[in-house]
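Chain lettering (A, B, C, D, E and F) follows the sequence in which the chains are written, and residue indices restart at 1 in each chain.
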Amino acid sequence: MNGRRELGSLSPRAVEDVVRRALAEDAPWGDLTSETLIPAGAQLSAKLVAREAGVLSGITVFSAAMRLTDEATEVTPLLSDGLRFEKGDVLADVSGSARSVLTAERVALNFVQRMSGIATMTSQFVAAVAGTRARIVDTRKTTPGLRLFERYAVRCGGGQNHRFSLSDAVLAKDNHLAVLTRNGERNLTEALREVRQALPHTAHLEVEVDRPNQIAAVLDAGVDTIMLDNFSLDAMRAAVEQIGGRALVEASGSVKLEAVRAIAETGVDLISVGALTHSARALDLGLDAQTGAATGADR
Amino acid sequence: MNGRRELGSLSPRAVEDVVRRALAEDAPWGDLTSETLIPAGAQLSAKLVAREAGVLSGITVFSAAMRLTDEATEVTPLLSDGLRFEKGDVLADVSGSARSVLTAERVALNFVQRMSGIATMTSQFVAAVAGTRARIVDTRKTTPGLRLFERYAVRCGGGQNHRFSLSDAVLAKDNHLAVLTRNGERNLTEALREVRQALPHTAHLEVEVDRPNQIAAVLDAGVDTIMLDNFSLDAMRAAVEQIGGRALVEASGSVKLEAVRAIAETGVDLISVGALTHSARALDLGLDAQTGAATGADR
Amino acid sequence: MNGRRELGSLSPRAVEDVVRRALAEDAPWGDLTSETLIPAGAQLSAKLVAREAGVLSGITVFSAAMRLTDEATEVTPLLSDGLRFEKGDVLADVSGSARSVLTAERVALNFVQRMSGIATMTSQFVAAVAGTRARIVDTRKTTPGLRLFERYAVRCGGGQNHRFSLSDAVLAKDNHLAVLTRNGERNLTEALREVRQALPHTAHLEVEVDRPNQIAAVLDAGVDTIMLDNFSLDAMRAAVEQIGGRALVEASGSVKLEAVRAIAETGVDLISVGALTHSARALDLGLDAQTGAATGADR
Amino acid sequence: MNGRRELGSLSPRAVEDVVRRALAEDAPWGDLTSETLIPAGAQLSAKLVAREAGVLSGITVFSAAMRLTDEATEVTPLLSDGLRFEKGDVLADVSGSARSVLTAERVALNFVQRMSGIATMTSQFVAAVAGTRARIVDTRKTTPGLRLFERYAVRCGGGQNHRFSLSDAVLAKDNHLAVLTRNGERNLTEALREVRQALPHTAHLEVEVDRPNQIAAVLDAGVDTIMLDNFSLDAMRAAVEQIGGRALVEASGSVKLEAVRAIAETGVDLISVGALTHSARALDLGLDAQTGAATGADR
Amino acid sequence: MNGRRELGSLSPRAVEDVVRRALAEDAPWGDLTSETLIPAGAQLSAKLVAREAGVLSGITVFSAAMRLTDEATEVTPLLSDGLRFEKGDVLADVSGSARSVLTAERVALNFVQRMSGIATMTSQFVAAVAGTRARIVDTRKTTPGLRLFERYAVRCGGGQNHRFSLSDAVLAKDNHLAVLTRNGERNLTEALREVRQALPHTAHLEVEVDRPNQIAAVLDAGVDTIMLDNFSLDAMRAAVEQIGGRALVEASGSVKLEAVRAIAETGVDLISVGALTHSARALDLGLDAQTGAATGADR
Amino acid sequence: MNGRRELGSLSPRAVEDVVRRALAEDAPWGDLTSETLIPAGAQLSAKLVAREAGVLSGITVFSAAMRLTDEATEVTPLLSDGLRFEKGDVLADVSGSARSVLTAERVALNFVQRMSGIATMTSQFVAAVAGTRARIVDTRKTTPGLRLFERYAVRCGGGQNHRFSLSDAVLAKDNHLAVLTRNGERNLTEALREVRQALPHTAHLEVEVDRPNQIAAVLDAGVDTIMLDNFSLDAMRAAVEQIGGRALVEASGSVKLEAVRAIAETGVDLISVGALTHSARALDLGLDAQTGAATGADR
């Protein structure tokens, strides 16, 4: 599997930290229902079932929520992250103390439903641009506290990640450029060249342009990527031609699923889609207890 | 304003904790772009503008993100949480160091867009049931780590909150009842009466029923609320009549906006809607820098 | 064991967090005594012994302190939480590295002595009201940081818990009522009815009254529990009769052990006792090393 | 005030950390009562009143609980920590938002009541030994998480502190000595001399003895303090004479208030009392709202 | 100041976190010396003085240590980070409570001495390569927990930063390449091209080579930077020529100050120096109290 | 091993906390290189090799960094902390997932290189004073956040520790004394006697003197240790004679390795050396992968 970033790169440490916090949020001083209704010894088997089709993401987070609630709970994933499933498919088997499983259920589902929702939406965008050179990439419009999880979900859906944070790459937008050039008094190409000199050599330099006549100046500065913000399809095509491979080209601006194919066909390298993380709906996954599976109630 | 829980009850301590974590996530070791392109002394004025209509939620979180990045940044809210705005309305004025404002922008928007998205969707459900006795309530299907914020957003939209967590009220579902009655071998009414005795006197006891013939047994046990899970409209109406005010009645089960009015008209007291928190899309709000507003670039 | 909240509901995560902090507090940079006097290889067997009679609470916290100091230490509880023991009884066996056991000893004892002290005092109040309808309940007068542990200890002693915190139930006291009614200008019944409407449906509404003539107004508002604050026995009896089962009745106000039976016999449902958690003394439990049990000193 | 450790040495950082945690424990997601019954604009003045006599400790912690809930709340202490008060004395004035004051009340009182309880009990022991050379000192039998606060309270009562933790001084007890001498096979004096060599030069070396015939060997090793564990008064007197100022002498072992004077008169330098921190009861202090003081209810 | 990354980019949040931890480490339960010897009211003025020449770094961290100990302490920096000073120069004035200043002194100095030591060593390397195209850059051989501070110190000395962490850029070393090519069975150029495709477009791709004959394959893959590991000067010169500007060239391998000029003159773009952060010695800076400056001792 | 503080006293809890933070610092969102270049199934064996001679310290921290990255990684130490090694010696074997080992490598090395550097420098000072009564001790000039580790490293090198922090012993310096005596107006001996009375009996009292004529007054006060700050050798000798065993004597003041023997021969008990922790350079240790050891690349 060389030459491809594996999906399984969710740091166990990070998963543990976030899941622990979520469990504490959902049961700050115990689960009143399970503790009162369920005998301590009762066992339960259950299945994680898809109630609609989609792409799986977060099965290890689902497991972690179960295991961090009770390390004796067993979770057997039946599908790997990044794979497609149909309505009715069983995604994992769960068994353990009935109390523990029912206590962890909601948090475990909250993660895997949200992440699979993102992966599924991403896979639709990726499918829509199949055969073009365009990659679907995410943005920083992620849920506060869950960026690591949501970027992973984007990869599960076949997308790629943009920069992780403000710290690891430059993306100069209109406001930055206005200040940099003192509202146009200063030469943009020259200013950007100085920026390049000041940056660490590992920092990627991407610049957003709002209109075609900015491209030449930016290109002359030797930037790595030019982002076309809200360009028409014709303007995009012209920009791709003008840039001619001297920088990567990214299309941006409230990209809808139905419009993405046409954008990809303009020849851009990257299409960033904020909706992947800010507006994906949770996928409908549920935990079905096995009939007659709760045992040991007398203990 | 007696007799109504105020919206402004987002604990400043909790806001600070969560926002600090979000800021650290988005700029773990600084903002490479601002630090390289923006002079330290440059000032910026900007407006938080609605690019679509909706209900505001999270303006104090937006402010906190600005202030925790740089306490010298000034944020003046022009609208209060819980109020409606139209496309183009200005929701807040922001001014301060250009670097600081641009560094905080994305995190500040991520919060207020998400929360206002929830408030807006909630307000649509609330409007749809206007004039009935039904209240729209949320669920535990919230974003891990953001439950406090999302429940507040539901209140901003005119909804009410269900239990906060597993620790503060009982909600017995089918799996719990199966274990409690040993798959039916034990009398449900009697078992629930024992549960009531075992609970703290402040604990609300709510029981979910899947079919009408369970209602009598649950009602006899003296529970506080009966949740009707996926009942037809006719079955709901019959259940409301059967219960006759001896317990609150909650309707539940993937409730859609277009169906909620009919459900409310069955006479139920509560309608819980998971989508409010698990599938609301972010509202489109943006930060517009003032033309010519960046000053002091020479400093 | 249905219909009764089990004692074993101390969240392992919460125990671990609090015990880790306590261990760090007691040995911020190691145990100078053990490291200097005890060879690394020496082993020790010891017994947790009761130096006075009481009710056990916190044996899992005792174990956690031993195990979080050194996971190789073995602790075998010989009695379960909630059970009574006599002076001289052995409550647990401990064996492991002499260094580790002696390092953990004080913290482990500090928890189990304090918790068993609370359980024991609670059991005395519970015994005193045996045969009446009254339950002994705790208050929010707990040790900062240890509420979860102290409420569990109350349950070990046979008591029940009141609300956990300010967040999970309403308890309106004189100051709240004064403000609510604007010092009497506003009708209390009506004001409380509005409060009820504003609350989440799962929130229990309890109101404190200082004098009998407040009861009617509160009762008419449909509250869940009425707390009688510092009522005489006669006044309590009259109040119980007046309320007539339409709300739960709680007696409150520096209740002493010698007075609790008479209070219970007035017919109240609940008696809250702050002293259970704010003034219980630690029970005298000790760790006795076995004669000749320290071995391996030459290693 | 040279040559005397001031009482005011409670680190503000530590106070803030512990009080924040306590406030979060008591109101994890807001104060349902205040938010529903008290208008946001209502103001309240109140007095911290002593309902019994005692010695004050923790007034800054009381203030911190008020201020960390709402930095606009004003607290004016009328007495300093370490000073004695009578029943009915007003210890502090409080004014601010009614919501904020009532939300913080319980946590603020929990601290100052507990700490003043310890200071008051300590002052009784200190008074009992007045005129002797004996100092009253605390032990490590403190409440987990509150050691810093409880040791400060001991100082407020006129006591002194023993070692803070296992890390900052040696206290060799019977179990340590048994292992050190391989149950007596090795010469104790020599072994202790080696211990002294191995210790940092700043480490105090204290050794516990159970019986008089151990004293000579320990004394010859040049230890700093000898602790007499459960010695009779006669044995204590003899030990003090035998030691003759070559080491400090500490009396230990479930010391009761009525017995402490006689112990002090044997000439020991130090008397350690575990009960100061493990069994002091909370002092009865309360917050009295001013009649007619809640204002602004219409806002 | 455009086009140059400012030095002042140490995040105040990060500084506060690290400095708080350092202060707690150095005074876990107060400063026994100051609390006993220094009256609470005594004031002190002092100067931060250079006892040897160097380049300043960390003056804001010095200030933060003073201010986080006592916000009333005033610190007036007399020199900015990144500037050179001579022996005897006064770098800052400090005044405030004598207790607070003396308590914070050591931690404040520990930071600024260490950071200035790094800045000073860096400035020597930078001076040595003046006039060449080579930049001096740091490595990941930083002090655990202080990377942000130490990278800032490198910038203060005129150096530039390499990647911050494993997360923000690729640096493929010999072990990685051996696995990637299955010990040579697979074509390196092709494998690296696949890697490039799999990476986010913002990720910089740097590859280390041990010997000249690897360069062609790496260059053909289109990497961003080639690191020459332990090349002779002749081999470096040849490599620079062979690469011909198609990738940046970095020299690496225990670079000594006396050798760095010759390396720079081979034409490499970057010289990474681990010693800057793993082996710089602390600069000798001290805090001199003003004669007669301690006042108010009677208070 | 009685009578000697073992080296192995690095608290596993503290190690885990610090190492987790270091790992998160170095890979906040994964290791881009390993995840892209190394197949998930590839295994790696490697050796920790000394590239120069020295004294080992931190091998358990090295192991912890490997194990906290991936608990399946096996680390077999071949030498214990505190022992000397030569260039080329293998210090530990490591085997596990290639990804995990390469991800943890840098952090693991950063700790063990730094700690071994300190141990090695310490051992040089200790060797230089062999045969004298002088002990080499450390200072509070440690790296913020790593004091526990660095003091342990000093012990590994044969040194001893001075006080850990401001909280556990008194060290009165010139500034403290100036304030204590109100710049000389007050009698120093008397003032110090009062200090002694005010201190806990376990607190060590050390006083710094700048010139010989201060010694008599300090000695009369009965302090435990007198620190001679920047005394000439002759003055030290005279001071040792004057003190005559009535207090320990510590020499201090930028002590160099070449000067330490002469200082020790003056008869002082302790020589404190700040450079041990503030200026030791990292020792050159490396991780060598085994030839052909990476296997399973096809998985």
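In this text, a residue touches a chain if its C-beta (ideal position, glycine included) is under 8 Å from a C-beta of that chain, and two chains touch if they have at least 3 such contacts.
Everything quoted here is computed from the prediction, not taken from an experiment.
Visitor: If you apply the touch rule, which chains end up adjacent to both chain C and chain D?
Guide: B, F
Visitor: Which contact partners do chain D and chain E have in common?
Guide: Expected: B, F.
Visitor: Is the contact between copies chain E and chain F built from the same residues on both sides or from different ones, judged by whether over half of the numbers are shared?
Guide: Result for this pair: same.
Visitor: Can you work out the whole-Å distance between the CA centroids of chain B and chain E?
Guide: Centre separation, chain B to chain E: 44 Å.
Visitor: Report, in whole Å, the distance between the mean C-alpha point of chain B and the mean C-alpha point of chain F.
Guide: 52
Visitor: What whole-Å value do you get for the distance between chain A and chain E if each is reduced to the mean of its CA atoms?
Guide: 33
Visitor: Multi-chain contacts in chain C: which residues touch at least two other chains?
Guide: 2-5, 27-30, 32, 36-37, 39, 147, 164, 167-169, 180, 195, 198-199, 203, 297
Visitor: Please list, in label order, each pair of chains that touches.
Guide: A-B, A-C, A-E, A-F, B-C, B-D, B-E, C-D, C-F, D-E, D-F, E-F
Visitor: Using the touch definition up top, name the residues of chain E that touch chain B in the complex.
Guide: The contact residues of chain E facing chain B are 1-6, 8-11, 13-14, 147-148, 151, 164.
Visitor: Any idea which chain B residues touch chain C in the complex?
Guide: 2-5, 135, 137, 160-164, 167-169, 180, 186, 191, 193-195, 197-204, 206, 224-225, 248, 250, 269-270
Visitor: Going by the contact rule at the top, pick out the chain E residues touching chain F in the complex.
Guide: Result: residues 18-19, 21-22, 25-34, 36-39, 42, 44, 98, 102-103, 106-107, 109-111, 113-114, 117, 140-147, 165-172, 174-180, 182-183, 195, 198-199, 203, 254, 275, 278-279, 281-282, 284, 289, 292, 294, 297-298 of chain E touch chain F.
Visitor: Could you list, by residue number, the parts of chain D that touch chain B in their complex?
Guide: Interface residues on chain D, with respect to chain B: 20, 23-24, 27, 29-30, 32, 35-37, 39-40, 68, 297.
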